[in-house]
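Structures incoming, each one as structure tokens.
One chain, chain A, appears in both complexes that follow, with chain B as partner in the first and chain C in the second.
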Partner chain A sequence: MGARTETNKGLEIEHTPSSNFAKEIEAEPGGEGISKCIQCGICTASCAVSSFSDRYRPRQLIQKIIIGKRDEVLQSDLPWLCMTCRLCEERCQEGVSPAEIFQAVRHIATREGHIPEVFKSTAEKALSDGWLLGDAYSDFIEDDRDDLGLDTDLGWDNEFTHRLKKKYFSGGEGD
Partner chain B sequence: MTDYFVYTGCTTPVRLPAYEAATMAVLKHLGVNAHHMKDVNCCGAQYIESLNRSAFAAMSGRILAIAERFGKDVIAICGACSGSLKHVKHMLDTEPDLKAEVNEILAEEDLEYTGKVEVKHLLQILRDEVGYDAIRRAIVQPYNGVKLAAHYGCHVTRPAEIVQVDDPEVPRSIDDIIEACGGDAVDYAGKVRCCGGPMLAMDEKVATAIGSEKITNVKAAGAKGIVTACVFCNIQLTQVQFGEGGEPKDRIPVLTLPQFMGAAMGIDEETLGMPLNKISPDVLLEFAHRIESKVIRREQEAKR
Partner chain C sequence: MTIAKPKTSATKGKWSNKALVVGGGVAGMQAALDIADQNYKVYLLEKSSSIGGRMAMIDKTFPTLDCSACILTPRLSEVQRHPNIEMLTYSEVEEVLGSAGNFKVKVKRKARYVDEEKCNGCGDCVPACPIEVPNEFDQGIGFRKAIYIPFPQATPNIHTIDKRGHAPCYTNCPAHVNPQGFTALMRSGDNDKALKLVRDAIPFPGSLGRVCPALCEEKCERASVDDPVSIRNLHRWLYDNEREHGGYKGDIPVIDKKEKVAVIGAGPAGIACAEKLIRLGYPVTVFEKREEAGGLLRYGIPEHRLPRDVIADEIKIVEDLGVKIEYGKEISSVKSLLNKGFKAVFLGTGAPVSSKLRIKGEDSTGVYHAVDFLDKVNRGEKVPLGYNVAVIGGGNAAIDAARVAKRLGVKQVTIIYRRSRAEMPAIHQEIEDAVEEGIELKVLTNPVEAIESKGRLVGITCIEMKLGEPDDSGRRRPIPIPGSEFSIPFENMIIAIGQRADPKGPHAELDMTEWGTPEVDPVTLQTSMENVFAGGDLATGPGLVVEAVGQGNVAAESIHRYLQGEELKEGRPETFIEVIPEDIKKQRFGVHPRASMPKISIYNRRTTFKEVETGFDAETAMTEAGRCLNCTVCSECMECVEACQREAIDHNQQDEIIELDVGAIVMSTGYKLFDVAEYPRLGYETQSNVITAMEYERLINAAGPTAGHLVRLSDGKVPKSIGFIQCVGARDVGKGVPACSRVCCMYGIKNAVMAKEHDPDVDVTVYYADIRAFGKGFEEFFEMAKTRFGVKFVRGRVAEVVETDDEKSLIRVEDTEDLTFMQNEHDLVVLSGGIQPSLGMRILAEDVGIELDNDGYVKVEHPLLYPVDADVDGIYTCGCSDGPKDIPDSVAAGSAAAMRATIVLARGGEVK
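Moving on, here comes the complex of A and B:
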């Protein structure tokens, strides 16, 4: 985004983003809607996380992208706090999806090695085991399944996820 | 009639096997041809989804391709899985390059995604395939007007244009099924808000606060129990009632939809896995005919 000058009754205000981060997000799948944001704040008003967290504010995070705070946003864990419940997306009258925009941010952050530890370890588990709960599947639970008449052999495949790991995550950082 | 695979996802078989058992029992009872699915993998929701779009599309894409290979459609019972499978189907159906990339990986197993497979959440099967009239006919032990709160699950109903399950802000399907089973579905503040489950990994305190607020709102509306359509929501809304200050007597049962329906359809409690529920559902089941007679008998004995 280049410098933009708005004239209002002779008053000149210059908006100059400190980087072209918004353009970068716009070019990433999911980030297309960022330029439509009018900063009304209905996303934050609708957000269950914002109700109980004193630091997560989707409107503010989108504003940071628009004004070009690339490093700050990519290195922060804030974009990873969106639960993708999509209530804000439902309510946004401009058709902006903060959930999709923050997914785009996460994809760029991943390529640059900024992944919260819990995302990294959980993704690692999914790729190595083929599913998420291999460690939690105990004998007790097997007995419960047996009592319920359910198969105790869950039959998860991990050969495919091993191939995906090699293809997409060979750098160890997700790309 | 359509043949279905039930994709359970990672969580249900381990954390809530009763949901799986009740789903199979209720679908069978209602005449839906549903089969277990094997040799599948995690759908990639949230964790792979957040890191790499192509890998995510490949993980859910493989599940869809396996269903295609067997000529079956997919029933998902977890909000995250149904959301992922539907979202990836939408991506693959609208992005030819992505579809080609995924199919190139799938070809190593002789699998191909063409797009003919359909993905339905359990709620869609119950409403659209079975229908409310057939559900009403299957009810032998109605709940006799007990007040219940429906919790839908964000990924079950949003984004509405992709998942196509219900109205994203004023959903009705669980409420309608509660009423078909003889319960009284109540509205409550924040009905379509999240349970907080997806936040557990990043901030447990915030996750618990979100879930606890929901429980408070449900109780304020006078509901005696909650009916859910997602494994994560069910576990989260149960678990938050065991936190600090959560007195046992104040806990309200959280039933998965098929457990709730199955009891009214006369399916026995063991088959539905009711004894495994962390919060006993007896307070709800006593409203159904079968136990109502016990209630009356107890009252009569007390009078004597």
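Moving on, here comes the complex of A and C:
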């Protein structure tokens, strides 16, 4: 390709990656395909999240991995926005799966403690009462269930969650 | 990798200094010319009907923007004129044996149904042909006839008939009416010729158009789209239309033969036989014992299905042709006729004797047999019927008798049939009509006794039946359920369970079968007397009218051969090769339901003998004729034969296998384009404004279907904005085509530039992943496209094309240089498809005995040192046979392969 145009000067990219982050991703399960990416952008153009967001651009995120911006990527909430619908994977002509790559990114980020607040609180909520939608079970839904002849008492108890938590998050003392 | 090539050892004595080039594209032409110029004989084999290959289809070349045809056409004539080149077009390689210097090649020369020596390409046949199909050369966006040359400069300039066997309707018709042919002639507005074509098979287009069960429609391929074409009603319309407009317009044959022929029985078989013979020029006399002609058509089929004047008119036409019918003349001896000077006799006396139920009480008063009953009614005789009438049987005679009884005022008519409704042999529409008219069906019921009181029928005892395993007829065998007998009161019973021949007829002088029918040869219908032939119900037992007509035709052919002293059996029975359903192109046909037949009111149907079905109007008939799929493309309507003044057309031509001895073979089999429909997200086939690059080439070509006007095929509007999508079916791991096609970048840019050449104001955008402008002048051309022509280039692969409400194509893409998520609207989208090994390459490689590489191209001996050598000595490759190439590279490879081949030819098979 010809030289970059004037308007792109501001985005001048160094040609040596600033870290070996791409290699690290490649070694992580799911991240193997990253070196095949030719940055064609079909993932971004196909992405359902991208079409509703001005920030989320899978190709640019992969570009950041390739050029070695390890800290920026791991500390960002962007890899967490992927819905894993895998349309990018379906359409990529090079056999790359951005969805898998971002999964690998999230694994590394989690290990290093970079979890966006909303994900953390969601996980905690699930661990606390085992039911993410607990707050959503309103009187209205109860009435609807009643109208439909369904049992309104969901018989929900936290026993299972407690045991799960005990086993996996409290030093394995559960039964 | 070993570089040294093994030596071959063809014996000098068997050495051939001729070469074979497989594939007549630009590379193959170059190879052929270069070999021929060195004074070796070359066979240039081409699968399609003309050489020229892809280059002939392309509008302009890159990067020079030369007119492709202007460069290629002189080459085409050079090949044609060259004394050392023999073109074998419309041919395929079947098998290659032997080794370098001594190959034996079997070549199939496909029948083009046109004599290559006689045809001078004048094209008189083309306007005569009524069949129009998409032209493959124009990528299906233009049309050609069934007889065609693919493009004006086709070489050789010989027409080809695209004929793919016989249509199922034609083969399934016992009389071999040609529905595809006559509907095609109807569509081209020639109803007289259409009717003539029907009459070539049957003398009763009007009568059979009313009563035939239409076996043709049972096999009609249109049923796989929606419903079968209403073929029967169409030839009925042709007849009705002719009659409305002055009657018979066909030829009157000249009777130029001396041998007199006698036909006994003026039923469908006899009349058909007589009509065929009179058209062949024989004086024919038909002897009919009754007062009117038509046989069962006249006396067995009720008036509400076949008005008397229709059958009378059709008989009169046959008489007008010169057939003499002697009425009221019963012939008791065939020999006496022969003694009177008739040279041949056809017996078609039918099966007028009703079969009996063989149950108790069958002879009591009030019991009729369907044939006698219908006969009486048809003659106008009064038949006393009571309140409750039972009709026994499920065939057309049963339905006819029941509907006639209803029309005679019977309150309660019940059809009793031993199998279920699905197994009834009657025409299904007729059964439905009968039920509509208030006739009751009592199926899975069989009479066991006719109850009589004082000699009069008062009721019938029946037994319930169930269905067992299928019998010889393929229908499930009815089995009585023991103890299920019951009685119903009836005042009349009409038995319609079949008929048989009268054993006392004139055929008694001949050898007979145990069923009292004359013994006939199944192929020729010849009886034990060599100049006496028999057919129709007499020979076969009760059958369909159209079967009898078919037998009349067969007998006429036999009599003609007999009288001319020709071999009766040669080439008979005629074999038909039915078109393979997969070969029938259906995708371009939208669903359009079968025309329904207008009928008179139900009140009239119950009370009068008026014809129930009133026939199509002209518009309905034309629309219905337009539903034919043209299964076999050529319909054998024979219009071209008539149009050709050089008698070059031969519809009986057969494929031919020839054997060639050659010393070397050059493969130049070209490529096929990736089927872009495999990308549903890009909308080809589902969106009308998404086309392929090759379609675009034909669209902008002055000799193309739009005469070079770049318009949208959907609405004919000139596009104001065009998007070109690159790498469709190339460099795609997921689709199994990881390799680059090498030419798409440049032809894509060329197409974009040509859009600007056609209309400088048009907005043109090329969507690409990267531009590979590697050849001489390519990068400059790319720059010129951007700077001089103002083509926009967006770096980004297109995710999807979506059709908007205002018929634009919305492209979703990320501009990876601008970092923007774009949604661009275009009027037209062109997909630049990748290229792949040509269709059938794998089979051809097996036949030739060469290896292919992983991508399916010809594997070369060594990519650097022997780039045009296949892995078998004496076989070379050029053009896109061994991988994607542009035109200059293909031609260069052609010359290289030619040189490698002539080394073999010169050295007597020894390769260094």
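One rule holds in what follows: the second predicted complex is superposed on the first by the 137 of 175 C-alpha atoms of A that agree within 3 Å, B and C clash if a C-alpha of one lies under 4 Å from a C-alpha of the other, contacts with A are read in each partner's own complex, and residues count from 1 in each chain.
To be clear about the criterion, a contact is a pair of C-beta atoms (placed from the backbone, for glycine too) under 8 Å apart; a residue touches a chain by one contact, two chains touch by 3 or more.
Just so it is clear, the structure is predicted and the values come from calculations on it, not from any experiment.
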| item | value |
| --- | --- |
| Touched partner set for A:Val118, first chain B, second chain C, both or neither | first |
| Which superposed partner A:Thr44 touches (first chain B, second chain C, both, neither) | second |
| First, second, both or neither for A:Asn158, with chain B first and chain C second | first |
| More chain A residues in contact [chain B versus chain C] | B |
| Which of chain B and chain C A:Phe52 touches, first, second, both or neither | first |
| Touching both chain B and chain C, residues of chain A | 51, 90 |
| Contact set on chain B toward chain A in their complex | 10-11, 13-15, 17-18, 20-21, 24, 36, 38-42, 44, 46-55, 58-59, 62, 105, 108-109, 154-155, 158-160, 168-169, 190, 192-194, 196-199, 201-203, 205-206, 209-210, 213, 270-271, 273, 276 |
| In the complex with chain A, residue positions of chain C that touch it | 681, 727, 731-735, 769-771, 795-800, 812-819, 821-822 |
| Chain A residues touching chain B - in the complex, by the definition given at the top | 29-30, 48-49, 51-53, 77, 80-81, 83-87, 89-90, 97, 103, 106-107, 110, 115-116, 118-119, 122-123, 126-127, 130-133, 136-137, 141, 144-145, 147-151, 154-158, 160-161, 163-164, 167-169, 174-175 |
| Of all residues in chain A, those that touch chain C in their complex | 1, 4-5, 7-8, 11, 36, 38-42, 44-46, 50-51, 57, 59-60, 90-95 |
